[in-house]
Amino acid sequence: MTIELIVVLLVAPLIGFLINGLLGKWLKGNEQLSGWIGSLAVLVSLVCSIIAFASLHGGAAPFDETLYEWITGESFAFNIGFRVDALTSVMLLVITGVGFLIHVYSIGYMHGDEGYTRYFAYLNLFVFAMLILVLGNNYLMMFVGWEGVGLCSYLLIGFWYEKQTATDAGKKAFIVNRIGDFGFLLGMFTLFAAFGTLDFASIFEAAEADNFQKVFGASTLVIATLLLFVGAIGKSAQIPLYVWLPDAMEGPTPVSALIHAATMVTAGVYMIARSAVLYNIAHTGEVVAWIGVLTAFFAATIALTQNDIKRILAYSTVSQLGYMFLGVGVGAYASGIFHLVTHAFFKGLMFLTAGSVMHAMANELDMRKMGGLKTKMPITHWTFLVGALAIAGFPFLSGFWSKDEILHSAWGSSPIIYVIGLVTAFLTAFYMFRLIFVTFYGESRVEPDVDSHLHESPPVMWVPLAILAIPSALIGLLLGWGGHESWFHHFTKSVFPEAHHDASGNVILFMVISSIVGLAGIAFAWSRYRERTPSDEPTNALHRLLANKYYVDEMYNALIVQPIKNGSHYLLWRIVDNGIIDGIVNGVGTIIRFIGGTLRRLQTGLVQVYIVSMVLGIVLFLAYYLFFT
Amino acid sequence: MLLSIVIFLPLLGVIAIALLRGLGASAIKGIALVIGLLTFIVSLGLYTGFDTTTATFQNVTQQAWIPGLGTSYHIGIDGISLWLVLLTTFLTPVCILAAWNSVEKGLSGFMMSLLALETGMLGVFCALDLFLFFVFWESMLIPMYFLIGIWGGERRIYATVKFVLYTMAGSALMLVGILALYFQNNNSFDLTTLSGPFEHSHLLFLAFFIAFAIKVPLFPFHTWLPDAHVEAPTVGSVILAGVLLKMGTYGIIRFCLPLFPDAATEFTPLIVPLAVIGIIYGALVAMVQPDLKKLVAYSSVSHLGFVVLGLFSKNPAGIQGSVLQMINHGLSTGALFLLVGMIYERRHSRMIVDFGGLAKGMPIFATIFMIVTLSSIGLPGLNGFVGEYMILFGSFVQGAFSKIYVVLATAGVILAAVYMLWMFQRVMFGTLDKTNEALPDLNAREIVVMLPILLFIVWIGVYPKPFLSKMEKSVGLVVTQVQTEPAVGRAGEQILQDTELALHGTQRAQNEKIEKEAETK
Amino acid sequence: MSLEYYLILSALLFTIGVIGVLIRRNAIIIFMCIELMLNAANLAFVAISRSLGEATGQVFVFFVMTVAAAEVAIGLAIIVSVFKHRQTVNVDEVNSLKG
Amino acid sequence: MNAEQILFILFGAVSLIGAISVISFRHPIYSALSLIVTFFAQAGLFVLLGAHFVAAVQVIVYAGAIMVLFLFVIMLLNLETLSVQGAIGRKLKGLAIILGILFAAEGIYIAVNALNDTAVASAESGAAAVTTTTYDIGELLFSKYLLPFEVTSLILLAALIGVIVLVKREGQEES
C-alpha cells in the first residue's frame, strides 16, 4: 500500500473529469466513448481499492502519509494527507464498486441526452470529491471533500437546467448542505482551538490522553462533536435539514442512486464513525441516536402516502440513514457502517430499477398510472423485489442482518429507541411492498400508447442490475454472519473503540422479533394493495397531513426563506441602504445647498442694507469691547 | 531602482500615448498593452528577487525630495505590498486587453487614465514616506474620476462625484493624522523612523482608520461602492474592485495596526461588529439586487468585511488570511466584473431578469462563470476558500474578540452561497429566449483575458504555499507590533526572535539619525 | 476747554454723519455725511494732539484730508457715470449686484 | 465763563446745527451749503485748539475744493427736490435712529471715561494752551512721517487716474 497507489486511486476520476470536461466538444460525436472513459476511470479506482483492501485484510498497518503542505504558517499546518484503514477501505469499496456499476448503467440510461459528456464529467468529479472525503487524514481534507460532493450534487441535480424545478432543487440542496457545512466548519475550529491540529491521529490520541487546552472548558468535545453532527445532519438529510433530499430526485436517476442513496448521504455516518473516539468521550451519542431514530420514524410515515416511486425511495433513504445514525449513536459503530454498506447496495439497486421503469414508461413516475409491470419487465421486477425484501428485513437477506444488529444494540442503550426502531421497520416493510404491489402486480393502468412500447431495458442497463442484485441479497449473510463476532466486526475492530455496553439478551430472540415485524409489514401491504390502487386525494386528516409531508417545506419557506428575501429587499436595501445611509450621505449635500441658499438672500444689492449691517457690527463690537472686557 | 521603474513605467506609457495619439486606435491600444505587459514582467523581477527571510522593507530607494519639508522619495516593498503590487501589474494588462473594443470615444484618454491609475496605485503600495503616500493616494483619484465620469453609464456624474468626495473627505482626515505624526516624529515624514507610542494615538488611529474604512468600504461607509460600480465602465469596475478597495485594507495593515497598537486593541470591539455586519448585511442586500453589477458590488462589501475581521484578529493566520483574501478578492471579483462586462457588451443590459438559459447558448462563458462564482463563494480547492478559512480559523482560535462574531461571519459563508447561486441560476439556467439565443459565445480574445485569472484562482486554491511563504515574515512583524502581549502558541518565540532583528534594523536607522543631528547642532 | 467736550462734540458729529448715511437715499447726501464723519475724526485728532502737546495728530489730519479728497473725486465720478447710465442717484434703485 | 468757552459753545452749536441740517434738508444744494457752514465752524474750533495752520488748510481744502466739487456735480445733474424716502428707507429709518442713538451713547461713553487712564489724562493736566506752528508740523511731516506722505501722494495719483478712466469710458459709450 504505497502513496502512489492512493494517488492513482484518487486521480483516476479526476483525469476522467478533465477529459470529459475539457474535450467535451470533440467527444460529443460518439457518446459511448465518453461514457466508457468515465466508467473506466472509476474501474481503475475500484481495482486500486481492492488492492488496498487486500493488503489491509492481509494484516498491513493502516496507511497514513502526507502528500504536500497545503496551508501552513508558523503556528498552524494543514496538509494534504491520506489515511487508509479498515473503515476507509470499506467506504472505498462501496464508493468505487457501486459507483462503477452505476457508471455502466448510466451509459444506457443517458443514451440520447445532449449533455452526455457533461454528465459523465460531473459524475467523475463527484467520485473524485467523495474519495477525497473518505481518504483524507484530517478534518480539513474531509471538509474539502464534503463541499466538493455538495457542489457535484448541485451540478447533477440541476443537470437538466432547462427545468426550473431541477435548478431550484439543486440550489436548495447546495444551500441546505452549506448550512450543515457551517456547523462542520465551526466544529473544526473548536477542535483546532483545543488540539492545535486537525489530524485524526493526533486529535484522537490527545483526546484519549485528555491533555488538550480547554477552549470551552470541560464541554469542548461536547460542543465540537455536536457542531460536527450539525454538518452530518445537513449532508445526510436528518430531521431539520432533510428537505433537500426528496427534491433532489429531479436529477437523473443514476445520480439519485449514486449520490442520494449510496455514497454522499452516508458521508455524515462515515464522519461520526471516523470520530468515534470523540463521540465516546463526549457522550453525545444519545443525541445522535435520538435524532436518527426520530428521522427514521418521521420519514417512514411520510413515505406511506407518496405516489411517486423516486420520492418513496428518497424518504426511505432518509429513514434508513436515520437507522445508521441510530447505530453509530448508540456506540455500535461497526453495525452502523455495516448497514451503510448493505443499504448502499440494495437502495442503489432499487433506484436503478426505478430508473429502468422510468426509462420504459417514458419518464412516468406516478405509480397510480402503472401496475402489472411484472409481465412486461421480468428482470426489473425480480431485481426490485430482491431490493425490497432486503430493505424490509426479510430473514437472511442483507437488510435483515444489519438492521437487526442496530436494533439489538439500540435495546442495550434504551428500550424506547428500540420500540420506535421496530415500528419504523414495520412501516418500511409496508411502504416498500405497497410500492411493489401497486407498480408490478394488479391490473395494468398504463395508457395504451405508453403500454404499446413497454419493454425490458437494454442489456447495458439490466446487466449492472443483475450484478448489483447479488450482493444486495447475500452481502449481509457474508459479512454479518455471527452477529458481533462476524467477519465485518472483526475487520473493523481496529478502527472503532469497543462498544462501551455489551449487547445483553440472546441474539436469536431479536432476530426472530425483527423478522416477524418485517413479514407482518409485507403481509399488511399485500392485504391492502393486492387489488386496490392508492386513492387519488387523501381521505382523512392524518392522510392529508402525511401526503403534504407535514407541510415542512411550506413552513421553512414561510418562516425562513420569505422573511429573509422580503426583509432584505424592503428593510435592508430600500430603507436602510438607500434610505438611511445614502440618505445621510446625500443629506449632507442637500444641507449645504440649503445653507448656501439662505445666505444668498442676505446679498440684497441695497447699499443701505450693507451700511446698516456694518454699523450694527460696529455698535455690537463696541458694546462687547466696552462692557465685557 | 527596479521598483521605481515599475512605478513610473506606466507614466511613460501615458506620455507615449499622449504623443503618438495621432497614429490611430490600434497603435494606442498596442502601446498601452505593451506597457502593461512590460510593467508586469518587470514586477516579476521584484517577485524573484524577494528575500523571504526578513520582514524588513526591500528594494528600498531613498532620494531627497523636499528636504525643507522633511519628506523624501522613499519607496520599498515587503511581503504584503509585494503581492498587491503584483496584483496591480497583473490586472492592468488584463483590463487593457478586456477593453480592446469596448471603448468608442476618446480611446487615448481612456488608456492614459488607466495607466496613470496604475502608477498612482503602485505608488500607494510602495510609498514609505507619509507625504509621498498621500500624494499618490490623492493622485490615484483623478484618473478614476475621469474613467467613471467620462466613460461611465447614465448617472456617472453623480456616481463619480460621490466617489471622489467620499474618498476626499476620508483623506482630509488622514492628512490631519499625517501632519500630527509629522510633528511627533521630529519633523520627518519617514515611515520607518516612526515608532513608539504617540500622544492621543486614539484620535490619530481614528483619523487614519476612517479614511481607510471609507476606501475598504466598511459597513456604514459603503454606499458609494454600488453607484460607482454600476456607472463605471467594465474595466473601471475591475480596477476599482480589484485594487482600489485593497488600498483601504492595505492602509489599515500598514498604518493603523503597527503605529497605534493600543488604540487598535481598544477599538476592536467597535470595528469587528461593523465588519461582521458588513458581511451579513452585504450578503443579504446583494441577494435582492436586480442589477448584476450592484450584486457583485455588495458582495465585495461582504468579502472585504471578512478581510477587516481578519486584520483585527491579531493572529498570524488571521492577518495572513486577510492579505491573501485581498488578492483572492481582486482576482475573483475582477473576473466577475469582466464576465458581466462581456455579456453587457453583447446584451447591453445588466438586469438579471433579462438573462436566462445562457448555459445553453454560451457554454464556455457558463463554465468560466461557474468557476469564478465558486471561487467567490469560497469552495474548497479554489482561492476563495483558503483566504476565508484562514481568516475564520485565525480569529476563532486566538481572536482578540468573542467567538460569536466568528460564528456570525461563518454564517456569512452560507449567505454567500445563497446570493451567488440564486443569481447564477437566474442568469445561466432556465429557458433560453430568442434574444439571448443570438448572443455569441466568448471569442478568443475574451478567453485569453480570462485564462490567466482562472489559472491563479486554481493555483492559489490548490497550492497556496508560495503565496503564503512570501508574506509570512512581514505579517509576523505586524502581529508582534499589534500584540501587546507576546504571540500565543509554540511559534510565538520564533516570530519574536527574527522580528528583534527587524526592529534592530529600524532602531539602528533611528540611532544614526539622532547622532547625525547631534553632529549638526 | 477740557478735552472731553471736544471728544463729545466729535462723537456727536460722527453719529449725525452715520445717521445721515443710513437714512438718506441720495448718493451725494451720503457722500456729504461721510465727509462729516471724516471731519469729526479730524476734530478728535486735533483735540488730542493739543492735549498731548505734540503735532502728530495734526499731521494725521492732513492724511485724512488727502484721503477724503481722493475719495470724493472717485465717488463723484462714479455717481456721474451711474447717473448717466441709470438716470438715478438713489442708492436703493441700483441693486443689480443682487445675490 | 471766559471767551474760549463761549467761542467753543458757539462754534460747537453751529457745527451741530449745520450737521443736522445737512441730513434733513430736501434739496441737496441746501445740504451742501449747510455742510460748508459746518466746515467753517470746524475751522473755528481748530483755531481755538491752537492748530491755526490746520484750520487754514481745512477751510481751503474742504470748504474750498471738496464742496465746490459737490456743488458742481449737483448742478451738473440738476437734481430737483428729492422725492420722499423709498419703502426701504422708511423701514430702515427706525433702525437707523436707534443705531444712531446707541452709537452716540457709546461715543460719549468712550470720550468721557475711556481715556482717563491713558497718558492723555496725565499730560492734560500740565499742558498750557500752546499753539503748534507750521514749522513743527512740517518738521514732523518730513522726518518721521515721510513714508505716509509719499503714500498719500500715490493715493491722489490713483484717484486722478481713476476719475479720468471713469469719465473717459463714459466718453466712448456716447460716440
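Per-chain numbering from 1; labels A, B, C and D assigned in written order.
To be clear about the criterion, a residue touches a chain if its C-beta (ideal position, glycine included) is under 8 Å from a C-beta of that chain, and two chains touch if they have at least 3 such contacts.
Here the structure is a predicted model, which means the values were calculated and not measured.
Central chain assignment: B. Criterion: smallest distance from chain C-alpha mean to the mean of all protein C-alpha atoms.
Between subunit A and subunit B, the centres computed from C-alpha atoms are 38 Å apart. Separating the centre of subunit A from that of subunit D, both taken as means of CA atoms, is a distance of 103 Å.
If you average the CA atoms of subunit B and of subunit C, the two centres end up 67 Å from each other.
Rounded to whole angstrom, the centroid-to-centroid distance between subunit A and subunit C, based on C-alpha atoms, equals 98 Å. Residue numbers of subunit C whose C-beta contacts span two or more other chains: 18, 22, 25, 92.
Each of the following residues of subunit A touches two or more other chains: 606, 608, 612, 615.
Every pair of chains in contact is given here: A-B, A-C, A-D, C-D.
Those residues of subunit C that touch subunit D in the shared complex are 1-20, 22-26, 28-29, 31-33, 35-36, 39, 42-43, 46-56, 58-59, 61-63, 65-74, 76-81, 83-84, 89-90, 92-93. The part of subunit D that touches subunit A in the complex is made up of residues 88-89, 92, 95-96, 99, 102-103, 106, 109-110, 114. Considering their complex, residues 4-5, 8, 12, 15-16, 19-20, 22-23, 28, 31-32, 35, 38-39, 42, 45-46, 48-51, 53-54, 57-58, 61-62, 65-66, 69-70, 73-74, 76-77, 79, 82, 85-86, 88-89, 92-93, 95-97, 99-101, 103-104, 107-108, 110-112, 115, 119-120, 123-124, 127, 130, 132, 136-137, 140-141, 144-145, 148, 152, 155-156, 158-160, 162-163, 166-167, 169-170, 173 of subunit D touch subunit C.
In the complex of the two chains, the subunit A residues touching subunit D come out as 606, 608-609, 612, 615-616, 618-619, 622-623, 626.
Across the complex, subunit C meets subunit A through its residues 18, 21-22, 25, 91-92, 94-99.
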